[in-house]
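I've put the structures underneath this note.
Okay, so chain A shows up in both of these, paired with chain B first and chain C after.
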Partner chain A sequence: MIPVLFVVTILVFSIIRFIPGEPARLILGEKATEQAVAALTEKLGLNEPLLTQYFLFLKQIFTLDFGNSFTYQMPVSELLASRFPVTLALTLMSTVISLVISLPLGYFAGVHKDKLGDQVVRTTSLVAISMPSFWVGLLLMIVFALKLKWLPAGGWADTLPEQFRCLILPAITQSLMTSALLLRNTRNSVVDITRMDYVDFARSKGISAGEVRSRHVMRNAMISTVTLLSMRMAAMLGGSVIIETVFSIPGIGKLASEAIFGRDYAVVQFVVLLFAVLVLVINLITDILYSFLDPRVNL
Partner chain B sequence: MKRYHGASPLERKRSMPAWLTKPSLVVGVVIVVAVIILALFPQLIATYDPIATNTLASNQPPSAEHWFGTDFYGRNIFSRVIWGTRIDLLIGVLGVVIPFIIGGLIGLLAGYYGGVLDSLLMRITDIMMAFPFTILVITIMAILGQGLINLFIALWLVGWMSYAKLVRSEVLVLKDSEFIQAARVAGFSDARILFRHLLPNVISSAVVFAASDVVMCMLTGASMSFLGLGVQPPTPEWGSILNEGRTFITFAWWETFFPGLFLAVSGVGFSLLGDGLTDFLRTKGR
Partner chain C sequence: MEKLLEVKDLHVAFPSKQETVHAVDGVSFEVFEGETFGLVGESGCGKSQTLRSILGLLKQPGRVTGGEILYKGADITKMNQRALQKVRGKEISLIFQEPMTSLNPVLRIRTQMYEAFEREKLTKEEKRQRAIELLKLVGIPSPETRLDEYPHQFSGGMRQRAMIAIALGAKPKLLLADEPTTALDVTIQDQIMKLLNQLKQELGMSIILVTHDLGVIAQMCDRVAVMYAGQIVEMTDTVTLFSKPRHPYTYGLMGSLPNEDTAGTTLEAIQGSPPNLANLPEGCPFAPRCKFACDICHKERPEITEVEPGHFARCHRPEITQNFQGLIQVPGQADGKEEASHE
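Let's look at the complex of A and B:
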């Protein structure tokens, strides 16, 4: 993990240096004077040798002093700290919704393999996988916010219950593809596992059906589900760029797209770095979960 | 003595195209063929010029004249959506074909020869996997700038890894199997072993993945245009039509509904095709 993190910092560091042309000129626009461009280049530290620049960048990371955002005129660290909890809440909420939908339905479809219920569940999930999230989000917005007026159409609120209401539609949108993928995966695992000899053995020992289901079938089905879930959580963090833009939610996803449009490179760098760190943390948690689910796995 | 020519009736019955018996595969094929026809001959189906503006017909709801309504500039949305098929399909196909070839080749070589190439491949994929897919594409777009060509470059830079990993893992399983050893003993060149013996046996999982990857590429391409990073207006593309329509969502639902519907239906078509293909290859393999 540490070597990966190290290379990730090099990659993120390269972002601003890879951009064709002068970054300072891109930030300030076509009409900026030569002096202004030179001053900003100096301020961004882009005149230093690359190695020095990289060490300065590392120093920024370790001291959590990420410099100032050009558009927001505030420290990037404060910006990230205020935006991150929103995306975290959105991702967790989407994850919970996905699990609540996919595990029971996946089990149901797996047990009733090839019956009508299974066919319906499988086809629905296939359709859900192929839907563009931003379109589904807009449709939900039209129906539940604009027509029925049950939920806010987007934006953010000041109080916690209102903020929760603001997250409902985005979280449902975000969870759509994850639910569908998890469902298919759970279904297939359940189909494979119920065929296993140890399930027959457990039944023949006289263990109750419920216990066979929870201790033997679902627990083993969870192993591949956890792998997929960790991949999906990473993907949902990425998807937050789109969902948060659709619903105007002030999380790090929206911040990322705004920073890219505003050529706010200080923000771009550290948002991308934050995303990478989050993915690595998710992977670490997944590895720990494995050892709980499968006692054969040693950390 | 009577002699049979060709297959016996029994064999002929058995050799009826097996894919016809899978309804989901048939639906998938029908949708995909329809999308391809739309992309090839939009001028025959579209009723208006997709970029001609008409300020007198701004934001009009669907009618007999404008089936899908009009947008803010009075452009006919039906025609824009039909013409948009071409670019979206292009994104889906080109976004997959190039990574398929390059990634597949890298996977083949890395799996077969191992060594430096293999460890390099695994390290690169480890690091790239640390970034969420969308973030990776968006960041590359941010570096390169907006536009269709840069969108392709971003999709290619990210896409090849899955194919390389898939093919590599299949090659690792097969490279010490008896038929490859036999080919080596027979003195065949590496190139011949790689392309004539290994490739046909390792490619099927990559093909199956490619069908679902087309959906991913189309969705990603449309999302980038939706964010304003990909195809730029007034060029008709589903994501960018949606993005323009989003401003008027409070009263003009048709501007977001129809382009998204086409994107969703095409996505379902390719998914069904991929799903059917998986079933088909699995039953054939057994």
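Let's look at the complex of A and C:
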């Protein structure tokens, strides 16, 4: 994991440096004087050799002192600290919604393979996979916020319960694709597993149908579900850039898009780095979970 | 001896859009207390499906389409899930052919064993003691540590023993064994057979043993039914079957076994292959492969008849089958009739 992180820092650093245009000029605008641009370049340390700049960047990472954001006029670390929990909450909520939808429906479709229920569930999930999330987001807004006025159409609130309400629509939107993919995956695992001899052997012991389902079918189906879910969680972090923009939610996804458009380099590089670290953390958690679910896997 | 299980005219079908496969076609037999009953036949003859229907564990989309399975007088085919759960494990239990796929790979042996006696509301320590006893009974060394391991840490033979231990967990009266040794190598096969025989004596249970191996039948069974194309073609006690078979199929199977007389010669195989169960021939299903078949065999299905007291065979030509000479000779039975030879 450490070597991967190291490579990530090099990548993030280079991508930012190779974007064409003078950062200081872009920040100050067309009309700024040469002296002002030179002074800012000096201040940003951009006239140093690249290697020195890279080590400064590493130093910033290790000391957790990420410098200041120009657009927000505050330390990047504080900015990330205030925005990150929002995205984390959104991703977790989407994950929970996906699991609640996909596991029972996937099991249902799996045990009723090729019957009407299975067909309906599979077709619906196919439709869900095909719909782009920004469009679904707008659709949900129109129905639940504008017509029914049950939930806010977007934006953010001050109190926790209100913030929770603000996250419901975006989380549903974001979970749609994940639910559908997980559902299909769970359904196929259940179809495969219920054919296995160990499920029949478990039944032959005279334990209840519920115990067979939870201990022998779903438990084993979870192995492939967890693998897929970890990939989907990483994808949902990336998707937060769109969802948070559509619903005006102040998370790191929205921060990333704002920083990119505002040429706020200090913010961009650390947001990208944060995303990379998050994906690595998700993978690590998956590996750990995996070794719990499947004893044949050694860490 | 008390009658434990009675299967009456059992029919099992696997319907699909294209065709319906009649896997079991009117099978009837009885199993008495303390006996080992063998079901022998080629792959796909319906022996495993017969066994699975006894516990209500037919694979989808298979279902019992007719007949009765009476266990201590109650019809298993008409039971709901709840009633079936009471029979499973406690009264009748099952061991499978493949020890590699019959234990859940992600659960500890202990967890899978405890399930067998879950209904008895034992304490944790009692469960553990019971499981250790069972593992000792089936000859697994150092059961205390083995209990906490996972199936992949067991060898094939040990997994089969563990499976037997689990199947015996609730002290069943009847054990169904579906080719319990097919996946094991020969020395382990012999150990498992001896183990089953010994356990049967110690626990006084009955066994239904499904196999395609006549050697296993000879070693284990009191009575045998030979199945072909979903039907029982011959049924009698083991000694009679091996000394005086009365069906050309059984006779053919014995001709394909090596013995002292055939040493050094090419073994005779039964020509052809079993019929398609979705589309059986009009006459006797074995007729196309039978070297004794005549006109009636191709036109009419034979009924099962009692050719000798306690000896049933499904063949149109008893005058030919009564001359069959089996693999063993029993004094008093070889009474000088002309012996049909294996050509």
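Rule of thumb we're sticking to: the second predicted complex is superposed on the first by the 299 of 299 C-alpha atoms of A that agree within 3 Å, B and C clash if a C-alpha of one lies under 4 Å from a C-alpha of the other, contacts with A are read in each partner's own complex, and residues count from 1 in each chain.
Criterion: a contact is a pair of C-beta atoms (placed from the backbone, for glycine too) under 8 Å apart; a residue touches a chain by one contact, two chains touch by 3 or more.
Because the structure is predicted, anything quoted here is derived from the model rather than measured.
After alignment on the shared chain A, the placement of chain B and chain C results in a side-by-side fit free of clashes. In the superposed pair of complexes, A:88 makes contact with neither chain B nor chain C. Annotation: apex chain A, arms to chain B and chain C, angle 80° (C-alpha centres, rounded to a multiple of 10).
When the two complexes are overlaid on their common chain A, residue A:293 makes contact with chain C while staying clear of chain B.
Of the two partner chains, chain C is the only one touched by A:198; chain B is not. By the touch criterion defined above, A:207 lies against chain C but remains apart from chain B after alignment on the C-alpha atoms of chain A. Comparing chain C and chain B on the residues of chain A they touch gives the larger count to B. Once chain A of one complex is fitted onto chain A of the other, the partner contacts of A:219 are limited to chain C, with no touch recorded for chain B. Once the two complexes are laid over each other on the shared chain, residue contacts for A:129 go to chain B alone; chain C is not touched. Closest contact between chain B and chain C, by C-alpha atoms in the overlaid model: 14 Å. The residues of chain A shared by its contacts with chain B and with chain C come to none at all. Listed in rising order, the residues of chain B touching chain A in the complex are 24, 126-127, 129-136, 138-139, 141-143, 212, 215, 219, 222-223, 226-229, 239, 242, 246, 249-250, 253, 256-257, 260-261, 263-264, 267-268, 270-272, 275. Within the complex, the chain C residues that touch chain A are 52, 55, 57, 59-60, 81, 85-90, 93-94, 96, 98, 101-108, 111-112, 115-116, 118-119, 150, 152, 163, 166-167, 169-170. Note for the complex: chain A touches chain B at residues 4-5, 7-8, 11, 15, 18-19, 123, 126-127, 129-135, 138-139, 141-142, 146, 234-235, 237-239, 241-242, 245-246, 256-257, 260-261, 268, 272, 275-276, 279-280. On chain A, the positions that touch chain C within their shared complex are 113, 195-198, 200-209, 211, 215-216, 219-220, 223, 293-296.
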